[in-house]
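I've put the structures underneath this note.
One chain, chain A, appears in both complexes that follow, with chain B as partner in the first and chain C in the second.
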Partner chain A sequence: MDYRTVLTTCTYCGCGCNFFLEVLDGKAIGTIPCKTSPVNEGKLCIKGWNVHEFIHNEKRLKRPLLRKNGRLEEVSWDEALDYTAARLKEIKEKSGPDSIGFLTSAKVTNEENYILQKFARAGVNTNNVDHCARL
Partner chain B sequence: MIDSIKDKVKELLDTGEIKGFLGLVRKNGHIGPHLFQKGDELVDLSLGDNKIAGDSRYPLNKYLMNIAKAYPEETFGVLIRGCDDRGLQALYTWNQLNPKKVVAVGITCPQELADACECLKPFPEDITAGECAKAGEQKSVAAVDALVLSERFSYWMDEFVKCIKCYGCSNVCPMCFCNECSLKCDDLVKSGELPPEIPVFHHTRAMHMVGRCVDCGLCEEACPSGIPLRTLYKKVGSIMEDKFDFKTGMIRGQRSPLNKIDSAEGKK
Partner chain C sequence: MTNSIEEFEQADCIFIIGSNTSVAHPLIATRIYRAKKNGAKIIVADPRKVHISEIADIYVRQNMGTDVALLNGIMNVILSNGWHDQAFIDERTEEFEQFKKVVEAYPPEKAAEVCGVSAEDIRLIAECYGKAEKASIVYCMGITQHTTGVDNVKSLANLAMLTGSLGKESSGVNPLRGQNNVQGACDMGGLPNVLTAYQPVTSPAASEKFAKAWGVEKLSQKVGLTIPGMLEGLENDTVKALFVLGENPVVSDPDVHHVKKALEKAELLVVQDIFFTATAELADVVLPGVSFAEKDGTFSNTERRVSRVRRAVEPIGESRQDWQIIQDISNRFGYPMNYASPEDIFNEMTLLTPSYAGINYPRLEGDGIQWPCPTAEHPGTRFLHKDKIARGKGLFHAVGFLPPAEIIDQQYPFWLSTGRVFAHYHTGTMTRNSPTLDAEIAEGFLELNVDDAEKINVSNGEWVTISSRRGSIDVKAMLTKRIAQGSVFMPFHFIESCANILTNPAHDPICKIPELKVCAVNVVKRPLPA
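And then the complex of A and B:
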């Protein structure tokens, strides 16, 4: 028997609410808002309260999808990254760096957002970086 | 107080009387629920007091129901205060937990918490550690009842309109165990409609708290909009006491008047 409460941060928006995921035998069965968190003080919105539900959702994407002959197909990370890198290079050479834009997310960490803007500015040479929270 | 709790739990775990103890732990700078399965983990046991007494209480009975459903043959210990004890007693009468499979380890609440909660019984029936505080003075319901009807109605409507329909009150409630929830029934509460229709949403929940609410106050603590839900359910509880002489979970084995329909007692 394995029952754990795992402290983590909500992935839904940039607020950073803390909660415990209630995990029974490896399966997340509930969300418990953290009362000692200075951010949310034991409260959550409806999305946060149900965050454990998407973890085991069948519709969750676990592998990259690449459109081949008009249909999305599961491919390996190597293939997806090679394809993306080649296409980005091609577009940049043909139409210039400002023909490319990057949209990042509130659902990832600060560090991941930092990496993406660095990649956009230093790697691709464009300032076209934006974020879903500004939309 | 905490040392006698640790000793008691250690004894229960060491003798194998319980498979695990559902309590609170201080970990990573936070207080949260934890299932203690080994005695040496108890060093980080918490009683739910962070900045002030009882500010980090969690509905442990609710989590116990999840564990007990998966492991019905095992016996578990659980940390309880007065309100949790009332909850346990009520859950037994609703067949949500088996009293033979639960070992409650009871602590009392200090007077400041009893007063803040306006708690009628700030201690469990069986106390493992702590001194009994006096019942807190009942003020919140009286204050709202003192308003004239139109003002009272506006007071509640002004509170209910703040609702962001997070369902936190129901999610945190140790007495919300129904498989089918009226608040998620499209005929009563339209899905996707925000704010919810008032006062229907809150009255629906209040109706379902009749004979159920044990006045733990966790709903009000979980409400992001600060709606005084506890006052509302205290009023519901006081009506039950007036009309049926029933106080949820106060008397062991006593079933709610609404939980007697099929029984011989109910037919009388």
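And then the complex of A and C:
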């Protein structure tokens, strides 16, 4: 049996509590609040205590999907990525960069937000970038 | 937030307005409980008697959408009693006279007529907040999700400047961010008008700096579209493709029917997420990313603290790191990227982002760092606007009261407000897939005042039909006194009883935030199926 704890930050609200995710044989099984965190000082709310529960939920998406004949079908990564890039390119060429919009996210990391807005601005050449901050 | 979370404990007065703190931000509520124990006075103003009002020294229930009138009334009393901080106003602010003129038109009796809070209570709040040494304001979406959201926020800034409650330990204006990385998404330029650290896309200097760093000839200096603008663009065919990372606008945005229609018109809809959301159902391509437990990176919390997210488990199935997916698309698209890790991306970002310039992964071991942190030696910043207000001088805004975009009438006689419940988060994609949280609250409901319920002959747990100009839904009624007569409340986490079918997409003219907190609806007992 392999048991580890990994210090990380809660994915739910803007408090940003720190806790150790308990991992047993590669599965997240619980959380232990971080006592030295200046944010939560060893406490968590009900969402934080149970944040490990959705991680291995069987409904998680496992493979890329592509719409074919009106239905979403599982495809390989190569096919999904090639299709996405090719269609974005086509649309940019036909209708201009500002015909493409990007929603970044308040639920993903800083690095992911940065790289997506960079792709929008430097790759596609549009400032059509927004996220659900207002919601 | 201008202050740090821990500073709440030392405040003398905390004024909570439009924030269901103990439900939406439990660990901030903890600090407020401690402040109370340390002797702070707590003021809560909310149309719903939210849970945290139980510890309030003063609780008032303003009519929905009348915050500006209430705040102007409070400031009127502060001014006429001389509780304002003239030295602070003279040294550190501008445009005071114009502001004063507007506020003079709101004596408490007049404000009371609009906001429904008695003149006596307005005086009490003014005295409590105005006389406190260290006064802190806490607000959330209850203030911002209005067509007058910007006015509301400006009024709160006015209040803080008027009493000099800014730029000091435990004194300031503290918006609580709803989702864990709203702060970070904004800091990283996830907005149509700014690059990282709020550098305007229209600034030739910023634009040139980024173009050079990113190896392109030039960047567009045209301000981009906001979400409502993109939806409108989809409808009138000027926008053809939408790339959605980790968002679920089909549940979270106002007037869902309209959102769906717009998304269906997209020639290309790409959704990158961890669950098959209602938005993914409409997509042409669905790309499985990973959850926070499977990735490395950073989040920036509501007090501007940058903290590490660390990979604890392997990606599920064939799902991939979100940054890698974007990099792969970019390379195929013809804009080369070759980052080796999230840390690599972070290091590039800090070179372009003054407020993060001194931060790196090794420095984030331990407690994290609060930006601004301009150099590698800088310890980070606990509270903003110390000595000087960031923009030079604090600007007073003369703000008059404007009613909400939609007013109740005979056909739609109830005010509807939407919000969260303690066990769930946003559109519920994660929390509703967590058995323990799902067991706490498994379905949507409508909070209905007991007296109203009697009038329309509905008992607790009975089904009602609730309708607005945009659509109608069926949901079970929960009878309560928490909500005032004539008002109803619904959580927005539940797609089966999707509150945002009803809400009004009318938005603030400046920041485009939709008026999710007020619209007019009708509530009737659900007719028996024929």
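One rule holds in what follows: the second predicted complex is superposed on the first by the 123 of 135 C-alpha atoms of A that agree within 3 Å, B and C clash if a C-alpha of one lies under 4 Å from a C-alpha of the other, contacts with A are read in each partner's own complex, and residues count from 1 in each chain.
The rule is simple: a residue touches a chain if its C-beta (ideal position, glycine included) is under 8 Å from a C-beta of that chain, and two chains touch if they have at least 3 such contacts.
Here the structure is a predicted model, which is why all the values come from computation and not from measurement.
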Partners on chain A (chain B, chain C) - clash or fit: clash
First, second, both or neither for A:Ile29, with chain B first and chain C second: first
Contacts of A:Leu116 with chain B and chain C, given as first, second, both or neither: second
Residues of chain A touched, compared between chain B and chain C (which is higher): C
Touched partner set for A:Ser37, first chain B, second chain C, both or neither: both
First, second, both or neither for A:Tyr3, with chain B first and chain C second: first
Which of chain B and chain C A:Cys45 touches, first, second, both or neither: both
Identified clashing stretch of chain B versus chain C [98-106, 206-214 or 224-232]: 224-232
Residues on chain A lying within both footprints (that of chain B and that of chain C): 4, 7, 18, 36-37, 43-46, 49
List of chain B residues in touch with chain A within their complex: 19-20, 27-35, 37, 50, 55-58, 63, 66-67, 70-71, 74, 164-168, 171-172, 221-224
List of chain A residues in touch with chain C within their complex: 4, 6-18, 21, 23, 26-28, 36-40, 43-47, 49-57, 59-67, 72, 77, 80-89, 91, 94-95, 97-135
Complex contacts: residues of chain A adjacent to chain B: 1, 3-5, 7, 18, 20, 22, 24-25, 29-37, 42-46, 48-49
